[in-house]
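The following pair of complexes shares a single chain, chain A, combined with chain B in the former and chain C in the latter.
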Partner chain A sequence: MTAPALQQPSSQQTPPGAEAPRALPPPPPAPPGAPSHRLRFAVGVLVASLVVTGLSWMLLSRARAGAALALEERKATVATLALADLVVRAGGSGDGVRQALAAWQQQAPAGAQAKVIAFDGLSLEAATDAGLGAPRRLQRDEKPLYDQGQRLRAAVETNREESVVRKEEVEIAAQPDGSLLLAAPVELDGQVRGMVEVRTPRVVVAPSPSSGSAGLALLLPLVAFFALALVLGERRVGLALAATFALALGVGFYAWHSVSVVVEDRRAASEEVADSVRTQAETARELISRLGLPADPPVVASSWDADAFRKPRGWLTAAGQVDAGVLAGRLAQASGDVVRALVAVALLALLLLQAIGLGSVGALGRTLVTHRRAYAYVAPALVGMLVLVFFPFFYGITLSFTDSNLLNTSRPLTELWVGLKNYVDILSDFDLSRTSADGARVANYTNFYWTLGVTVVWTVTNVVIGVSVGLLLALVLNTRGLALRPVYRVLLILPWAMPNYITSLIWRGMFHQQFGVVNHVLALFGGEPVSWFETPFTSFLTALTTNGWLSFPFMMVVSLGALQSIPVELYEAARVDGASRWQQFRAITLPSLKPALVPAVILSVVWTFNQFNVIYLVTAGEPGGSTEILITQSYKFAFEKYRYGYAAAYSTVIFGILLVYGVFQNRVTKATEAV
Partner chain B sequence: MLRSIAKLLCLTTLFALPALGAEAKKLVVWHAYRAEEKAAFEKVVAAFNQQNAAKGLQVESLAVPYDAFADKISAAVPRGKGPDVFIYAQDRLGGWIEAGNTVEPIDFFLDDATKSRFLPTTMEAMVYRGTTYGLPLNYKVLAMIFNKKLVAKPPKTTGELVKVAKGLTDPATGRFGFAYNYGDFYYHSALLNGFGGRVFENGSTPVLNAPENVKSIELLMKWARKDNVLPKEPSVAVITSLFSAGKAAIVFSGPWFLGEIAKDIDWGLAPLPTIDEAGGKPMRPWITVEGVYVAAPSKNKDAAFEFARYLTDVPAAKVLALEGRQSPANKKVYEDPKVAADPVLKVFRQQVEVAVPMPNVPEMSMMWSPATNAMNAITKGSTSPKAALDKAQEALAKDVASLRKK
Partner chain C sequence: MSAAPGERIPHWPLHVLLVVAVVLTIYPILWVVTIAFSGNQSLAISTLPEDPTFWDRLRAITPWPQTFSVSNFTSVMTEQPFGRWILNSAIVSLATTVVGVFLACTAGYAFSRFNFPGRRTGMMAFLVSQMFPGTLMLIPLYIILVQWLGLGSSHIGLVLVYATTAIPFCVWMLKGYFDTIPKDLEEAALLDGASSGQIFWRIILPLARPAVAVTALFSFMTGWNEFILAATFMDQELMYTAPVGLRFFVGGYSQQWGYFAAGSIIVSIPVVALFLFLQKYLVSGLTAGSVKG
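Moving on to the complex of A and B:
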């Protein structure tokens, strides 16, 4: 670093008073020699069309590749389920299975391989690869095969037991060499007794979408914009509209192109599947009659075109023809998806276009260059914040829109998307109480609004207690000439110095009905022992006491510090004027404390609102979850009920509440600063 | 000069070490044992290492704090960062299996000889949806602990129990014939299963309000309210201090309780009594089984399974029982004269015969909160057992259903 470079920030030369507003100098509106509006918008249109065409080309090619893979998977599933059907008819094991497999192989595409496993005796019953020497016992390195079979068995049983189909009964895995490996259960008399495994030949990669139409989609807006710009001249609003129109033109063209490509792909794919289903069905029927396998139940080939849960997809009629009505519906859905994706991309590009065209990107770039040193210094902290704060935060928010829970964490979040459902569930549930079996009204303690009410009451009471006790003790400690003041001060700060979970556990013990010290003291004065955790009110009191004990030292320290900074002369003057003690307190002490107390109260509100430890350890929500506050409730949703998505939504709502409070607090703080 | 030689030496050793390590297979095992249990476990590991030194197989044991153990496994193992073998109770097993890529199924390795060497109940705890996932190592089960000074002969039936307890109870001075943490559903399981009750049916369909469950709680309430032999608001701390002060004559608790008893108390251990009210059927507490699991992403699964088999074999089990003071799941070890002569191990061994494995379905962890709420409402007398269990069942069924959505 050279010395002149260090002196670059101009604020050093400016007078101190002007420093704060100069932190981010606004870029001059139109410096001489700045690019014209036309040029800026032209660049904007170019960049935006590049972005929109590039992104949609990528989306389209991915959609095509995905559709091609899905087609291969469907065809492979048909082949696998057809084989499984034959194996079941052949009894799951024995020579019949080997004959069925041999016949199946003849009609299967070249290079397709299959194995049949029977769980009894861990046996490899049949394999297309003669080198494997079936039938024989499975070897140790074939353990994954056996485990996979057991997994399928467990999946089938689970789905049946829970009558909710959520476990895959056909496993499809893409292999590194580009082939697909499928496994399906062999079900005999309602029990999974074996498995078939099919390996397809290499899957052909889907063709990339044509670059011609992409180029056209790129050129079209540019040409349109140049033509319009020639007419419009240097008018900003007109240019902005023209640029938007040009972009829309390009997007519209590419959307039309993408929809026609996707629809054509889908139509061809369903024909292809229908073909393969018919071929498989023919082979199966021929085989059944040739090998004398049981023909009952009849072969329903269309059911082989099934999803991973072995549920027929419903695209085909029982005869194996494409169902035109269903196909039309699915095609409409697919084109709707394409259009939606493109609109999203277009909106993003439009934002970029206007940002460039209206000059904000240029301004941003200039700021970055001017303050590059500052940004360089901030960068490491920014990265840290990004990884440690913003990523978890946004991940949590994303999670709140899903139905993620313990049983589906392995699936991608996009599959679990439920939109605003969690929020609606939380916020629209006004079921505050219900009638119990014996006719009495019982409060519904898991209701959000109940918990919110408890949390608000909890926060307000705690802060009131903390402030009043803290202030009172501070006033006492501030008495002039008090002996042993340091000793008292240390003693009173002790509750704060102890780890609060220890304090909480001790208080919980003290509230024990039979052996707790609180009830012993009550008994000393002739009272009846109270079962503290039995009613919501007394249970709430125990938590309140504990938190009051924990929170007054902080308020006391803050108040004491502020008290000691009040000049003694003020009181002397007041006394000379004949003010009473109360008047002195109202007119001198309280106003002087305000700047110190208000921030302390604000902080304390946030802490108490999210005071997890005390509630969790002292009342644990007893009785029946009535003393739960929002943060402990959300913990229960996440770690006892394993509803991660719901708990994330709950936490986001808590965040929202605190955010609103934070904005409000900012106003109040500014108001106090002004005083 | 000297320094550069030292540097050179360091460098050469650095290069030499991985070369050596590549030859030797190294397994990492995570456990949550402490104190004497840890010492015994490490002794067994050392013996295994000595035996397998020639094969180049070494096991390294790592004690992970119990509180963090399950979460660490859930986070590390599926990402391939965890141990090869780990030891934990069966209650988290279902959750790990549902999450996937955590616990390796071992049916394929498991021969009948290995299977038959365990107490059947403990083996059952390792099975989830028909597949075996671990070898049982130790188990923990409730039994009856009594103060020999106050109770000469441990009661064999609940009738005797109440009779003995009534004679020793005086709530005014805080003396109880009989005390246990009955508000905790885990402790209540002994009565619950004794009556033929259950929490889940057909895998994981909740049935908290089964009629047998209601009956078991009604008996408990009779003890607490009518016979007045149980303390109010029980907790582990209260029960421990009562027993240690000689103020509770009989306690139902597990092996963890034995270490907490004051030195001057002369205590004995006996199986839980049979239930007269259930036609003389025995109390059947939930048993928790510590299983040895092979991590699914482990690169040495065969070796890991061999180690698991060694850990659960008789010589290892003997060390764990006699030095670690644990109850091995291997039944052959109880034929050893030293183990057979141990009164504590003997009683737990008897108790396990009638015990029921605690369900290992992931839905289990959702059961605790509604069940505890119900028990609290019942024991405080604010609700009838039936109504409280109905409410708990409703809450649990709702939670389970919300988890099952596709």
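Moving on to the complex of A and C:
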């Protein structure tokens, strides 16, 4: 034999899963004297209450801190926009501005600072800090101020041009010392001509939620459970219900507490903002009459309570009073959010409670201890798989029930929930053609069933080509005494060794319409150059050629390995019996190939079905997405059309197809083995 | 045909067939080598005159450069950040190999030697995870790695993803091999007072060297050849891996075929060499998982 014999793997002698593993550790002993149901449920209630109270306390304090910060920002925005309004009325520069700033400072909280910048003459027009010596030209180290002003001007102009408000017109930056630094544009006659900058005094840290109510929320379920347990005794179902009730009691109490805290906070915050708006408005009116500033347009104080795009938030009436209707709506929304969050936490805790109470946690713990060595060996891989394979998978499935896209990724998934809509959209669209703008019927290549058809044709043709070419070459190479066999073998295996993205890009180059080698070869034999990527059929052929080229060596190597393991004696015996060459092939060669070829075909079906690189890099779906296969199509939905939810549903359908195929082929192989 | 001894059939038709197959097989490789050594960025081997003769056309498909130059290789390494991209790929692939092989060896050993609750489920889950479509995982992975863990454009993020993608195949492969190592060896070692850790590191792993080598090759190739994830996560040009960089040369409106060809050759040489060296193990590993008997 000149060729290096392809070693049959020793692992095939004892195939995995063919027999039960011989375990080293003994079976787990039965737990001696399991603790009573009452004790277990008591522990469950304690743990679940701790979890629920702890988590909700954290959520509540975070929500309060967030609300406090938001309140400071609102108040600061009111102060800043009021100042900007005054500066505009005072003409943007000159003594009026300085008087307006002085009046503004009178009513501003102690420690608030402000600067007014005018772009004309690059000047610092006014500043609350007398040490800065306003008015004067901006100095070199104040360049960032000027840049910020220009940025705001650009934002205002962009928003106006696009008539879509997407650039922030008020910049708010939290400072390291806890104060806020705000900047707003000064607009004169529709043009941004300056900027005001306001620095608030230090923001007071939000109060933590009271620990008293948290303690009560912890104690309440325990007391309730003990009372009920005394009555119930050791009845499991009764205890489970009692524990659930006790937990619900605690959660209900804390939910009531949280909602009232949040609602009270919100109400107080609105009042506070309304107060500050009214004070600002009075100052403004007083100043206008004192300095004789233009009173037209009239002061609309509520417009100062605005977001970063200078759109009024709508909480206040024009007179600067809290709008009761709006407030009630927002409060209902806020308490709804609180209740939803608490219910989620409570369900988690309930699961934990029942797991502990019914003994699953105990059993789990005992199993972990008994088999700790095995679990220690599996743990690293398992954790990796859970975090980076299984969690993303289930997250992706969840995503498929939402309308998630590029514009709404920051919103929680529950708000984007659309149920089965994506699946219905994908699977119920049977229109393989549609009417284009000029009334003609054109094929609809983005239709799921078209792409599915292409994928099936793609998979079948590729596997047929791969198996036939590979098997033919293997049979030829298996000829005894054939010269140069190792050389042929290594050269024929090269396409498999090359990274397939490189292969794909090479073939894309070779199919180039003007410079590609394939068209040169056609021309050599008198053919016309073909624009390969302009019709679906030729475009499909390029991908098929590429994938055929890179996939036949696998089949060849697998077949060659199987062929070389057939004992020569079999053929000799057959010849003695007078079998013809064809009979020998049918009776000996083919059956011996089957155990190696069947798994190879199964593998290559899955590979080809998901062959992303070849389609994506060779045809890129051209023309018009007609040569897209399912996997590349779903990639395009996700990363070119940014329809994340739809793309996730599309991928889930692909997974479903593969799963059905997997189960089906498993049945078939089992059936063929049984025969 | 599997001709039996003593029965001679003429070999020359077989040689003709094989030569044709070999020419078709290696032509694209010769083509890329030609472009690489041509010294310019065109994807044509030679420029055709206005009215080409047969010989001009034949010249245009002969994979031999008109002028021989290594300038594509020198400029791709010096003028383009390709050296940096190769380095990125090397770091990522080697780290993937180390992490992947470690995780797969421990898990494969547990699946092979211990009988514990969840063993069958775990193995089936690993198998099924091979069917998860990549596009379904891409968006969640992006959210987890880039937005939650802040590992966008970093080596660690890619290494973690590649290592875990390679795990299922490697675990099945190694488990199959561990199954063939006789139990008696371990029992003898146990009697001699060896600890479980010693048995694993000193006895099992050295015996399983061929399987570990294939696992390592597979992990390395996963990292070295992967394209989509790297293209999605690495948005800084300096952090591109070699595949993303190669696509950068000829993707979109960029048509630097000379750089692409030179880069392809540099990238392919190590994997092709490794592959040819270890391929017989790879084949057996691929089929062993599902073959019965």
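Here is the rule we use: the second predicted complex is superposed on the first by the 430 of 675 C-alpha atoms of A that agree within 3 Å, B and C clash if a C-alpha of one lies under 4 Å from a C-alpha of the other, contacts with A are read in each partner's own complex, and residues count from 1 in each chain.
Throughout what follows, contacts are C-beta pairs under 8 Å (C-beta built on N, C-alpha and C of every residue); 3 or more make two chains touch, one makes a residue touch a chain.
Values in this document were obtained by computation on a predicted structure and should not be read as measured data.
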Between chain B and chain C, whom does A:A102 touch in the aligned arrangement: first, second, both, or neither? neither
Could you tell me if A:G509 is touching chain B, chain C, both of them or neither one (first, second, both, neither)? both
Go through the superposed model and pick first if A:G624 touches only chain B, second if only chain C, both, or neither. first
Applying the document's definition of touch, where does A:T158 land relative to chain B and chain C: first, second, both, or neither? first
For A:V464, is the partner it touches chain B (first), chain C (second), both, or none of the two (neither)? neither
Of the partners chain B and chain C, which touch A:Y395 in the superposed model: first, second, both, neither? second
Between chain B (first) and chain C (second), which, if any, makes contact with A:A344: first, second, both or neither? neither
Applying the touch criterion given at the start, work out whether A:L407 contacts chain B, chain C, both or neither, answering first, second, both or neither. first
On the A-aligned overlay, A:Y642 touches which partner chain: chain B = first, chain C = second, or both, or neither? first
With both structures fitted on chain A, tell me whether chain B or chain C touches more of chain A's residues. C
On chain A, the footprints of chain B and chain C overlap at residues 509, 512, 515
Taking the touch rule as given, give the residues of chain A at its contact with chain B in the complex, in rising order. 122, 138, 140, 143, 146-147, 150-151, 153-154, 157-158, 161-162, 164-166, 403, 405-407, 409-410, 436-438, 446, 509, 512-515, 531, 533-534, 622-625, 636, 640-643, 646
Chain B residues touching chain A - in the complex, by the definition given at the top: 95, 98-101, 104-105, 107-109, 128-131, 174, 202-205, 231-233, 235, 237-238, 241, 301-302, 362, 365-366, 368-369, 373, 376-377, 380, 382, 387, 390-391, 395, 399, 402-406
Per the contact definition, I'd like the list of chain A residues that touch chain C in the complex. 4, 6-18, 20-25, 367, 371, 373-375, 377-378, 380-382, 384-385, 387-393, 395-397, 399, 473, 475-484, 488, 490-503, 505-510, 512, 515-517, 520-521, 523-524, 549, 554, 557-558, 561, 563, 566, 568, 571-572, 575, 581, 584-585, 589, 595-596, 599-600, 602-603, 606, 610, 612-613, 616-617, 631, 634-635, 638-639, 644, 647-648, 650-652, 654-655, 658-659, 662, 673
Over in the complex, which chain C residues touch chain A? Could you list them? 1-5, 7, 9, 11, 14-15, 17-18, 21-22, 24-26, 28-29, 31-32, 35, 42-45, 48, 52, 54, 57-58, 60-61, 102-104, 106-107, 109-117, 119, 122-123, 125-126, 128-141, 143-144, 160-161, 163-165, 167-168, 171-172, 175-177, 179-180, 183, 186, 196, 200, 211, 224-225, 227-228, 232, 243, 246-247, 250, 257, 260, 264, 267-268, 271-272, 275-276, 279-281, 283-293
